[in-house]
Every structure is written in structure tokens, then in C-alpha cells.
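Just below sit the structures, each encoded as C-alpha cells.
Next come two complexes, and both contain subunit A; in the first it sits with subunit B, in the second with subunit C.
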Partner chain A sequence: MQIDMSRFRATFFEEAGEHLERMEASLLLIEDTPHDTELLNTIFRAAHSIKGASSTFGIDEVSRFTHVLENLLDRLREGQSVVTSELVELLLRSTDVLSGLLESEKSQGPAPENLEEVFQALHSYNERTAEGQPEGAPETAQPTAADVAATSGSRTIKLHFQPSRDFFRFGQNAVMLIEEIHRLGTVQGSHFEYANVPSFETLDPEACYLEWEFEIATDATDSDIAEIFMFLDETSKYSVTDAAPTADAATEAAASPVDGADGTAATDSDTLTTLPAETNAPVGERRVGDRRVEDRRAEPSGGAAASGSHGKETVRVDRERLDKLINQIGELVIGTSMVEQEWIQRNFNSDSAALVQLGKIVRDLQEMSLSLRMIPVAATFQKMARVVRDLSRRLGKSVRFETEGEDTELDKTVVDQIGDPLLHMVRNSIDHGIESSEARIAAGKPAEGRIVLRAYHQGGNFMIEVEDDGRGLDRSLIVKRAVERGIIESDQNMTDEDVFGLIFAAGFSTAAEVTDVSGRGVGMDVVRRNVEELQGSIVVRSNPGEGCKITIRLPLTLAILDGLLVRLRDAIYVIPLLCVVESIRPQRGDIKRMLGLGEVVSLRGEVVPLLFLDRMLNPEGCHHEDDTTQLLVIIEEQGRKYAVVVDELIGQQQVVIKNLETNFQKVAGVAGATILGDGRVALILDVGGLTALPNRNRVSDPNSTMIIDAEETDTDSEPESEASDQELLEAIASQT
Partner chain B sequence: MSKTALVVDDSTSMRQMVAFTLGNAGFDVIEGVDGKDALEKSSGKALNLVVTDLNMPNMDGITLIKNLRAKPEFKFIPILMLTTESQDSKKQEGKSAGATGWIVKPFQPDQLLSVVSRVVR
Partner chain C sequence: MHDNVAGGALAELSEGGSQFLTFALGDEEFGIDILRVQEIKGLTHLTHIPNMPVYIKGVMNLRGTVVPVVDLRSRFNMSAANYNQFTVIIVVTVGQKVMGLVVDAVSDVLNVSDADIEPLPDLGNGIDTTFVTGLAKSSERLITLLDIEKLLGSPNANEMQLAGVR
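Coming up: the complex of A and B.
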């Protein structure tokens, strides 16, 4: 039967990744508790598992690497070498290499650069520690060629084989064994012993009473012979005796009686020679039986001994299938809303108990389906532990890393994307936040710095915090830098929170000199962009000298969104609620036109540009501007305010996000779409993308004004009354 | 009547491979993720074959074998252990615990089946 092994590769890579994560986490802990055997076992088992599977699935490089790694870990586990910080460093580097190696195997890419270097380092570590070994200790070292050589070469052996009474009950087949024995070499003589067969009255028809002896000229080694008998039950016996070249007493002494099927020389005194005399009593059975009883006593009723809470059962599901299910349930929610609306319209607003019930079930189902994709952030936190360790060492700082709420769950899509922002923040904390031990002591703080990574749920949001007890943010320094860089003009009317928020501005960096760790001023603005892409927000709190706390708020899932539904002409749009500041009805004179900015509204003295959604999203097909515009929704993006021109506020609603790219194509300024209860499609605005669109509302530029093309004009619309910018502006203003 | 095999390995890929191979060979397969899980799942079942890894969390293969052998219904069934070449001492330990034989990793499905065919009637 040919089985395609490649079908198991995907599973292998997935589980190897998990093993590596576990290994890394344990390595980070083992430094503090070098004698924790459970941790050592976990680390060993991870390497062992990867090795076993990779060799089976023909992923040779991984198997070669893990082999050396496993040898080293086995030494550790057996107490033959000790955990040092140098060793942990090497092992951590090994997990990196292994992770790179897995990646390269998966993607057929190049192997990690330092593969050979780390491989050699592991190898030489093994050799170094092996040299100082007491003799005989490295039992697991190599299946040495020595013992093979010792027994190879042509010889004549006497092979005595005595099956146990239970031989047949174990499903064994003596004929097959004898055939294999014949294949060892040339059988020069054989003897069949049936003296132990009892009288017919006492014969147990299922028991085996027979014995054999063969004289064979063979090249086979002892371990070749052991292979044949590997399936013997414990009480069956065979022995190999050298019969040649001279069958005198001397060779008799060199006989190597073998116990059981394992090929290990028996140490017990009751070797085979004594057996025939005792065949009435089942000697072998008793002897081994005794040992078994002892074994069990040593480990009382194994089941209970190893008891304790059993891990939750899990089912691995293909990501795509899960997404499809969640999507389909989203459709179901929409469908149900449609039925509900239709019912209300047809039945004069009367309720249907059945529909209410159905609606509840469907929404529960949706919640449940979303929870399927929720995973704990533990793995991401763990990666940070590694970052803290490596970085603090490199910078010569002493930092204690703590995590809280590792089990807090979050949509996998979000978890996948918070890694980078967290990394930047943690790096920043170590590099800029935590002071050197001397400076800390001078400031009356403990020499060891502390960084806490915390996750928790709060009001339907996922909160994640990076807190350090370092020097904190320096308001005046930030202001100075921001003014220098032209980010702000002055810090007048700015709260501490506003000022601290400036560290996320593009091109901002207060590090006196650029280090290779952070300080290039590219980190923190990326953090903010990533977080905002996830529909999240960031708040920074800091007390000078006491530390800094950065809190990120994220939605629990990216599959649904809290939005403000607005109407502009025929179209309904969804504005993510997170960006909405307020909505206003502008007064006459509030809206002005400024060179370079286009129309703006003056909001309590602040100049806010207007955004015309239809113009921006479809500049070509946009037709007339009528005079119904009467509301502005003020949104905030990257600390700047914009006013979205709308006709009507419909209300706040949770919407199911549909990906526009997969169903249509990517549209700048649009994050996705949703289907409303009445079956209509509404576009969800990507506020960041929208405000970055060119020709935002610069109607002063003639090319960017509404271009009316009769052919492209929507036929439903009224004949266009070509409104000039000025007219439009007046129209808006006169509305109020 | 079809035969039932218990396949125990904490490595999902290995377990799937063995289970798939045995399934293709006509076995009904029960899968256990570790010794403890396997012991629970095999309880009250009629097994014709056990294939178990040795190094597993919660309960290792050796302990599983001892526990299975302690039950009269599993006293004579073939139990194969999956080992690596570096585990010579484990083979002995496994045999003492009651394993019928071993399969050395890495192995191909064909090798697994040929070993199985030697112990399953």
C-alpha cells in the first residue's frame, strides 16, 4: 500500500511550531529553576517529538538538527550536564534555528544562515560534556558500531528457543519464527524438544510445551538475532551460545544466555540450563511474574497515580472552514433580520413569538461561532518574554518580566496582528523606559526593572497593557521634540495624555541617539497604525520617574463592528463608532472655503475639513450636489478631525463585516461592506484610508471637482444642475 | 468482524499517520493523545492491537502498557511501542512492562504494516 506522507506534513509543521513554543517558554523558565525535572522533560519531549516525526516524514534537515539537540537535552535530563545560562542561550538559539528551518522546509526557502554554526555549537557541546563522562554513563549516546563489530564475522552458534506457556495465547507463530531463524544463515543441525508435553489428561490445548535448538553458521550479530525475537512475550526465552570453532568447556563459559527477547545478557542465576528440571512448575512465569508484581508496587495502579485533571479535548479545524462557518452564520443573522423586517412590514408591527425566539437563537449562535475563533494571547505574551530576556541582556539591564491575563481570549485574526505593535512597545520600554541598575538605585528604586504585560476584557473590548516602572515620559522633552519636528506648534491646551500621544506621531523619536534596538522613530507610529487598522485605540499614561503605562483597546473580533449608520443621498454608509466624536448641524457661516483645504467647518475655533463621501469614493460618477446636506459627523483620525457630510443619521448598529476584496475588489477608503436588515448593502468606511485619499475635498483644484458626465450619470437621478463649488458651499451654508 | 487498533501518540502527525495506515489496512482505530487518554478510551473495548509512543505527557507509554497488561482482556493482545534508535534501554523497559515488540522511528507505512502483520492474527 502506498501512502502519501505529504498529507501529514501540514499537521507536522503545525505541531512542531507548538512544540517549539512550549520549548521556548520552558527554556525561559528553566534558567531560574535549573533543577525542575518537569520542565526539562517538557523541553526534551518537544525536541524528541519533532525529531521522531520529522524523520518519519522525511524532513531530514530538521531531523538531523533535532537529533543533536535531543542528545544534548537527554544529557541534561539525565543529570549528566547542568543548566547554565550559556547553555540556555544556545538552546534558545537552537529553537530560533529550528523555527527558521521549519519555515524554510515549509516554503522551500533557504535554510537559516546560522544553521551550521548552531548545529556545530550543539555538537561540540555534546562532545565536550561527553569527554568528562564517567565510564558507561552515556547509555543513550550512540548505537556504537563497536558491539556490532565485536559479534560480527562468521561463526557457528547454538540457538536455544523456549517459548512460554502462553506463547500461542499471545498470538505468536512458531513456524514464522523458525523460518526467520533459518534465514540467519545455514542451519547445520536442529533439535526439537517435546519432553515437556504433559499427559493428555492434564494438557492445556492452548498452551505451548515445546522447545527448539538450532546450530547455525551465520554472520548475524546478536542484535540481528534479537530482531527476530523482538515479538517474544516476556516469559519466552532464547539463548545464543557460541558453538564453534571448538566446542569445549571454554566456549561454554563464554555463552551468553539471553533473557527474554531483548538481547540483553541475563544477570539472573537461573538461566536456561536449570529450566528443564523445573518444567512442572511454570518457572519462567513465576520469575517474571514476581518482577511484574514488584514493578506495580513501585508504581501503584498507574492510572490513579498519574491522575489529575485531564486536558480539555480539542478538535483541530482548518482555518478556512472555520471562517466559512462564521461567515455563513453572519449571513444567517442578516437573513433573520430580513425576515423580521418583512414580518413587521406585513403584519402591522405585531410581534411574532416564534420570530423573537428564532432571532435570539441566531444571535446566540453568532456569538458562539465568533468564540470559536477566540484564542488566548498566551503565545504572543510568551514571545515577548523572549524579547525581554534577549534585549535586557544585550543592553545590560536587569529586567523582570511579568504577565497577567495570559488566558484572555481574542479573535485569532487580531492576535496575529498585535504581535508587532506589542514588540515595539516592549522594546521601547526596555530601551527607553527602564534605567540602568545604577540609575535605578540612585533614584531609590529596586535595581531590577519590571515590565508587566497585561490582558483583560473590559466592556466588550479587549485591553492590553504594557507597563514599566522606568523613568517615565518627559513631557517637556516630548513637547520640545515635537515642536522641533514641526508636529505641533506649542503644547498650549494639551493634556498630558495628548502630549504623550505625540510619541506615536510619524517621525517622532526622543532617543538621544539611535540605537539598533529602537530609536529610529519608526516604531511607535507603526504601532498606532497597526492598532487603528484593528479598529483599536491607544492611551498613554505616565508619571515622571515612576514609569509608563500604554493601554491598547481592541475589539474582541474583526468579524463584527459597532458602527454609526448614516445616509447620504441613496447610499447608506457605516462609520466605525470608535472614530466618531460627535455630530453637528452647522450654522450659517460655520462652513468656509480655505485655499488648499477646500471646504472647512469651524468647530469651536478649530478648522475641520469636510469630507464628501460620494465625491471621494466615486469622483467620476458623482453627479450633482443638491441642497439636502444638513448634518456633519465629526470623526477623528490620527489625532486630526474631519467632518463627514451626511443627510441623515440612521442610528448605531452592530454590523457583520463582509470583505470587499474577496467579493469585489479593494476600494480605497472602504474597509468592507455589510448587508443591512432590509437586504441593502452599506459600505463600511475605512476612515484612515478615506482621509488619505487624494483630492479629499480640494474643490479649488478644477480637476478634482465634480465632473459630470452625462453617460455615466445614474439614470435614476434628476437631470444634473451643475453646481459650482461656490454654489454648493452656499447651499450647505444656507441649509442651516 | 473488523479489528480494532488503539493508536497512542502525543504527536498529532505521527498519530494520524499510524491511524491512517492502520485504517487503510482495515482496522477500526481508536486514537489516544497520551497514556491516560488511551487508557480511558480503551476501557471496555475489545482491542486487537495497540501501537503506542513511549515519551508522552500525563502518562508515558511504559505505564500505559503496564496498565493495559494488568487488565485480563488486554493480557494477550499485541502491543507495539514506537521508539527511536537512541532508546535501547527503553526497549528493554517496554518488554518488561509487557510490550510485544517495537517499531523504530523513522518508519514507513509499509514497515509498520509488515510488523503489524507479524503480531496480529
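Coming up: the complex of A and C.
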């Protein structure tokens, strides 16, 4: 049977990534609680699963590395060495190397540079502890059931192995398994059971009818044995019984059939398989040992380690399929509203109760479908914990990192994109915010700095905050630097919030010198741009000496947008509501032509340039000649106002965003498209891109000559025009 | 999923040949590989896309997906025709992308053996020949076979981009 390995490879990389994340999270926790055997087990299991899976896929480099890593972890688990800060450091670096290795395997890129170095470090650590043992006696570690089993010494077991009929069809290799069984210890006797082999006529040549039984003298724990059978298919069975001379007939009865690697064992790397509850013999007792530990951990009081693996049951779904489903439900919403409209037209504006009901269900369905894309931000927060740890060490600062609301859910696309901004903000807080311990004590603050990463929902928005209790932002220094760099001229009329917002300007840095951590003035600019790309906003609050709090507000999902629908000629456009300030109907004299600005409108003394959508988007099409019937939608982009000329305001509506790039390409001035209630496609304007379009300035636009002429005659006929021109000029002078 | 459209018919096909969907533009007949064709649909509302070459007629809603539509007449610099009730959109897949082609009318599905496909002689008739894979003879008809990838695929997408920037 041909198996498409590439499909499973993708899953392997995904799962290996999750194992690594779990490993890293547990490593960060274990530094504070070095005797937590549950955490150790979690780490070990993660490493073991990566090793097992990578050797299955023939990724030798990964399995070679994890093998050494696993040896070290095993030593820890058995109490032969103890967790030190230095060791955690080494292990964390190992996870980095591993993730680098996986990445290079995935993209066929080069292996991580420090691979050999870390590999050797692990290796030498293993050898060191092996010689100089016992570094920490087994007794110092809290003995777990597994340890008891491990130290119970040599014993004789009976191992019964019964492969399923489909054993070979699953691509399993009995010889390999038997070889591994031999490696457990000394095989004192083996028995080969072939009673089940049918007569030749009914024999299926591809089926497996055989069973084996081994009598082995071994030190192996039951979990060691379980590891051999870890990748067994679900219907194959094996059982272990003690064959010690003291317990003979009784243990025979206690033979507890263990299901072959069931779902959890294969994916979760749970080295132990599910057991029937009534296991009664000592052997069974030992085997459930680890499982009990697990159960304890799953209880709420069991500590923080239970991340994910014991939560709700989940189904892994291809993202593309999910998006298709969401798309189809979006279509259903449109279809339903088309039916509603048709009903209303045919039935003289009377509602149908059934249709109203249907509409409600469909909209609920859409809401539910959109929530499918939501995932908790915990994983992203986890990465920050690592950043804080590494960076605070490097800078010699003592920092306590706290997270709040890590279960808060957010659209996956957004979660993927907030990692970078968060990273910069956290780095900034540690580097610039938190003072050295001496300075903190001198300022009457606890020696240990504190950084809180917080996520919560507010209204229809997702809020994420980075708060530190460092020195806070220095308003006068920011103003000084901003003036030096020509970002502002003076801080007149600027609120604290405005001034603090300057730290997001490109090239801005208050750091006296450029270090490898920060000072280039790039980081916060990246934050601002990323957040803007996600349609969010940033607010900075700070009190000198007390710390700084940066709050980012993001929409819950990128799939839906609050938009203002406008009509211009026969086309309908969607303007993101976030940047709409107001809409006005200009009087005849309000629109003027200014040199270098094109047409402008005076809005309460402020000069606002006009954007002619049809002229910018359809330079070849014909244009409006009569300006007076038009409406202006005032939009704001990066603090500047523009007036978009439209014919009609249709209304405010939530629209589902469709990507133009999926089947086409990026279009300047257009953020995407959406499908209206009548099934037509409407373009969503990208306000930032629109204002940057070249033909905004009509002076360079030959098509507009006619309009200029028309307007000049217009202004001639109006006597008060000179005065208002004067006003406009003054307004411009005061602006620039 | 779109590859299944002609899957059954293909099985009956003798070796060394392929099936083409033929359509008309003016007096000329063209054919495209049927495996590229996802569906054929009537003319629907098109939303204009700004700053695009003239042959990009806009985008349409194909069951919730926004799909660009190319007018093949203007793509080949042929005189524009008024859209009428025979005007159809052939929905094709180009790589991972889905696109619509506006043509005058769809004729039929043609089985052509490799022997009946001839390379294109030097025509010099204003049709850009880089998109043409050959000429197929079928009784009295002569059909120009188009390479849809070359016509709408990535190199051409660059051209669109250039045209868009202008």
C-alpha cells in the first residue's frame, strides 16, 4: 500500500512544534520548581515524541539530537542529576536548536549554526553526570511511581504480544519490535503461537495471525516497555505480567491486556496506554503509576503545567477547509438576505415570520463560524516569557514576568501577527523601562522589576497591554529628541499621550547609544505599522518613576470590517468606518483649487484635500462636472484629513472581507472586496494606499484640465471668493 | 475539485490525444484544455477594478469568491463586441488561481489526437502567438489552441502589474 508521507510530514512538523512549545513552557517553569517531577515528565515526553516521530520520518539529524537530549532528561527524571539554572539554560538552547533543525528540514535550509556546539554540550553533560554520579541521589527527588518501578531492580516478566490482523497493512515491522524486545534484557524463553493461522484456503497472505510470548529478565520499567509499543496500531495488543517465581498463577490472572498505542499514546506521546480501571495486580499497579501522576496534574490544583494536553478535546482541521466553510456560510447569509428582499418586494412590504426566523439562525451560524478561527493568545505570551528571561539575564536586570488573560481568544491571523509587535514592546520595557536593581532600591521600589502582559476583550475589541513598573517615559527627553530629529517643532499644545505617541515614529530613539538590544529606533515603528496593518490603534500611558503602560486595541477578527457604504456613479465602495470622521455636503464656494494641493475644501478653517475616487481609480473614465450635488466623506489617515467625493451615503454595514490576491493581485488603493446583499462585488478602499496614489494631485493629471477651467469660471462669478482664498492661504500657513 | 469536470470523459479518450473546449471570438475559433475549465456561466455583474489594463473587465462573485474576469477580445486586441445573451464566462483555473474569460460563445468539446495538432505557421495577423500551442484540425474547422498558463499565468501577471502602475 502506498502511503503519501508528505501529508503526514506536515502534521509531524506541526506536532513537533507543539511539543517544543510545551517543552519550552515547562522548562521555564521548572527553573523555579526543580523538583516538580510532573514537569520533568512533560518535558521528557515531548522530547521522546519528537525523537520517535522524527526517526519514523527518517529525519536523522533531529532524532540523533533528541536522543542525547532524551538521555539527559532521563537522568534528571531518575534523579541522577538535578535541575540547575545552568542546565535549564542548556536545555532551552537545545529547544532552540531543535526548532532550528526542524525549520531547516522543512525548508531544506542550512542546519542551525550552534547545532554541534549544543550537541557536544549535551553530550559532555551526560558523560560528566554519568561519571561523577550520583550528583543528586535518587532520594532527593520526590519519588514517583515511575521511580519506584525504575529502582525495583531486576525482575522477570512475561511479555505477550498479539499483533492485529492488519498489523502488516499498517506498515508495522514485527522483526524490529522483537529486536527491541530483546534489547530490554535477557530473553530466557520465547514462545511462538500460530494456532490462529487458518487453513490454506482461507488464509489472507497479507494478514498477521501470529502471537509471541517472551520471558525476559530485565530492569526495564513498564514505561520502557510501553515505549517499544508506542507506535503500535490501535487493535494490536500486548500485555506484561510478572513471571517472578514468587507470583506465578496469580499474576497470570492479572495480565492486563493493554490496548496498542491508542490515539493519545501516538500523538500525545503519553508513554502509558489507557488501562482498564480494575487492574489489580502489583504489575498493573506499577503501570498505572505514571497515569496517576497525570491525573493528579489534570486537577485544577495540580499546578500550572497542564497546558493544553489535558484541556478540551480538539479536532485538527486544515485552515483552508475552515475558511471554505466560513465562506460558504457567508454566502448563505447573502442568499438569505436576497430571499428576504425578494419576499418583501413581492408581498407588499410585509414580513414573513419564517424568513425572520431563518435570517436569525443564519446570522447566528455566521457568528459561530467566525468564532472557529479564534485561538487563545497563550502560545504567543509563552514566547514572551522566554524573551524576558533571556533578555533580563543578558542585561543583568532582575525581572518578574506575569501574564493575565492568556486564554483570551483572537482570530488566528491576528495572533500570528501580534508576535512581532509584542516582542518589540517587551524588549523596550526591559531595556528602557526597568532600571537596574540598585537604581530601583534607591528609588524605593522592589529590587525585582515587573512586566505584565495582559489580554482582555473590551466591547468588540481585543485589548493587549504591556505594563512595566520601570522609570516611565521622560516627556522632556522625548520632546528634545523629536525636535532634534525634526519630527516635531515644539511640544506646544501636545498632550502627554501625543508626546508619548512620538516613540512610535520611524527613526526615533532616546537611547544614548545603539546596542544590540535596542536604540536604532526601528522597533516601535514596527509596532505601530503592524498594529495599523491590523486595523488597530495604540495608546501609551506613563507616569515618571512609576512605569509605563502600552495598550494596543485590535479588532477581534480580520474577516469582518465595519464599513461605510458609499455610491459613486454606479459603483459602490466600502470605506472602513474606523477612519471616517464625518460627512458633509459642501456649499458651492467651499471647494477651491490650491496650487500643489489640487482641490481642497475648507472645513471649519482646516484645509482638506479632495479625493476623487473615479478620477483616481478610473483615470480613463468620464468624470463629474457638477461638484455641487456631491457629498464629502471626511476621512483621517495618519493624522491627516482627506475628503472623499461620493454621490450617496448608503449606510453603515459589517462586511465580510474577501482577499483580491487569492485569485488576482494586489490593487493599489483597494484593501479588498466584499459581496453585497444583492450578490455584487464592492471594493473596500485602502485609505492609506489611496492617499498615496500618484494622481491625487490633479495638477499632473491631464484629465482634470476641463474641471479646472470649469471651476475658474465658477470662482469668477463669486465675489467673495478672494476673501475665502485668503483665508485658505492663512489656514495652510498655520498648518505647515 | 475542478479537475473532475471532464474526468469521466477523459477516461474514454484514446491515448495521445486531449480534449479541448472550443469557443468563438468573432469569426475565429479557439480551444483551451478542458482540464483547466471549472465551469461555464452566463454573464453576471462585473465590478470594475481600478488602474488595470482594459482587458481586465473587473471582478465577479462566484459563490462567495471574488474572481477576476478577462475579456479575451480585448486581450487579443480584437474589436470589442457588445455583450449579448450568448456571451458567456468560462471559469478556468490557472495555477492556484481562478479566473473568468469573457468569450462570444462556447461551441463544443473537441477530441483532438496529437496527430491532428499542427504547430502554428507564421500568421502575422496581430494575434500574439506566444499563447498559442498549435492549430487543431477538425473536419473543416481550424481551431487555435491556447495555452492558458501563458495567457494568464505568472509572466503575464507581471505585465498586468506594470500596466496597473503606469
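One rule holds for everything that comes next: the second predicted complex is superposed on the first by the 484 of 736 C-alpha atoms of A that agree within 3 Å, B and C clash if a C-alpha of one lies under 4 Å from a C-alpha of the other, contacts with A are read in each partner's own complex, and residues count from 1 in each chain.
Keep in mind that, in the parts below, contacts are C-beta pairs under 8 Å (C-beta built on N, C-alpha and C of every residue); 3 or more make two chains touch, one makes a residue touch a chain.
Bear in mind the structure is a predicted one, so any value in this text is a computation, not a measurement.
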Item to complete: Mind working out whether A:Gln328 is in touch with subunit B, subunit C, both or neither, as first, second, both or neither?
Response: second
Discussion item. Comparing subunit B against subunit C, which has contacts with more of the residues in subunit A?
Written reply: B
Practice prompt. Please indicate which partner A:Ala571 is in contact with in the superposed arrangement: first for subunit B, second for subunit C, both, or neither.
Written response: second
Worksheet item: Looking at the overlay, does A:Phe57 come into contact with subunit B only (first), subunit C only (second), both, or neither?
Response: first
Discussion item. With both complexes superposed on chain A, which partner does A:Phe8 reach: first (subunit B), second (subunit C), both or neither?
Written reply: first
Worksheet item: Once the shared chain is lined up, is A:Ser49 touching subunit B (first), subunit C (second), both, or neither of them?
Response: first
Discussion item. According to the stated criteria, A:Gln665 is in contact with first (subunit B), second (subunit C), both, or neither; which is it?
Written reply: second
Discussion item. Looking at A:Val681 after the superposition, I want to know if it touches subunit B, subunit C, both of them or none. Which is it: first, second, both, neither?
Written reply: second
Worksheet entry | Intersection of the subunit A residues that touch subunit B with those that touch subunit C | none
Practice prompt. Could you pull out which subunit A residues touch subunit B in their complex?
Written response: 1, 3, 5, 7-9, 11-12, 14-15, 42, 44-45, 48-49, 51-53, 55-58, 63, 70-71, 74, 139-140, 143, 166, 169-173, 176, 230-231, 233-234, 260-262, 264, 291-292, 295-296, 299, 301-303, 305-308, 310-311, 316
Practice prompt. Please give the residue numbers of subunit A that touch subunit C in the complex, ascending.
Written response: 327-328, 330-331, 334, 571, 616-619, 658-660, 662-665, 667-670, 673, 675, 679-683
Discussion item. Quick check on the complex: what are the subunit C residues that touch subunit A?
Written reply: 45, 47-52, 58-61, 63-68, 97-99, 157, 160-161, 164-165
Worksheet item: Which positions of subunit B touch subunit A when the two form their complex?
Response: 10-14, 16-17, 20-21, 24-25, 33, 35-37, 39-40, 53, 55-59, 63-64, 66-67, 69-70, 76-78, 82, 84-89, 91-92, 95-98, 100-102, 105-110, 113, 118-121
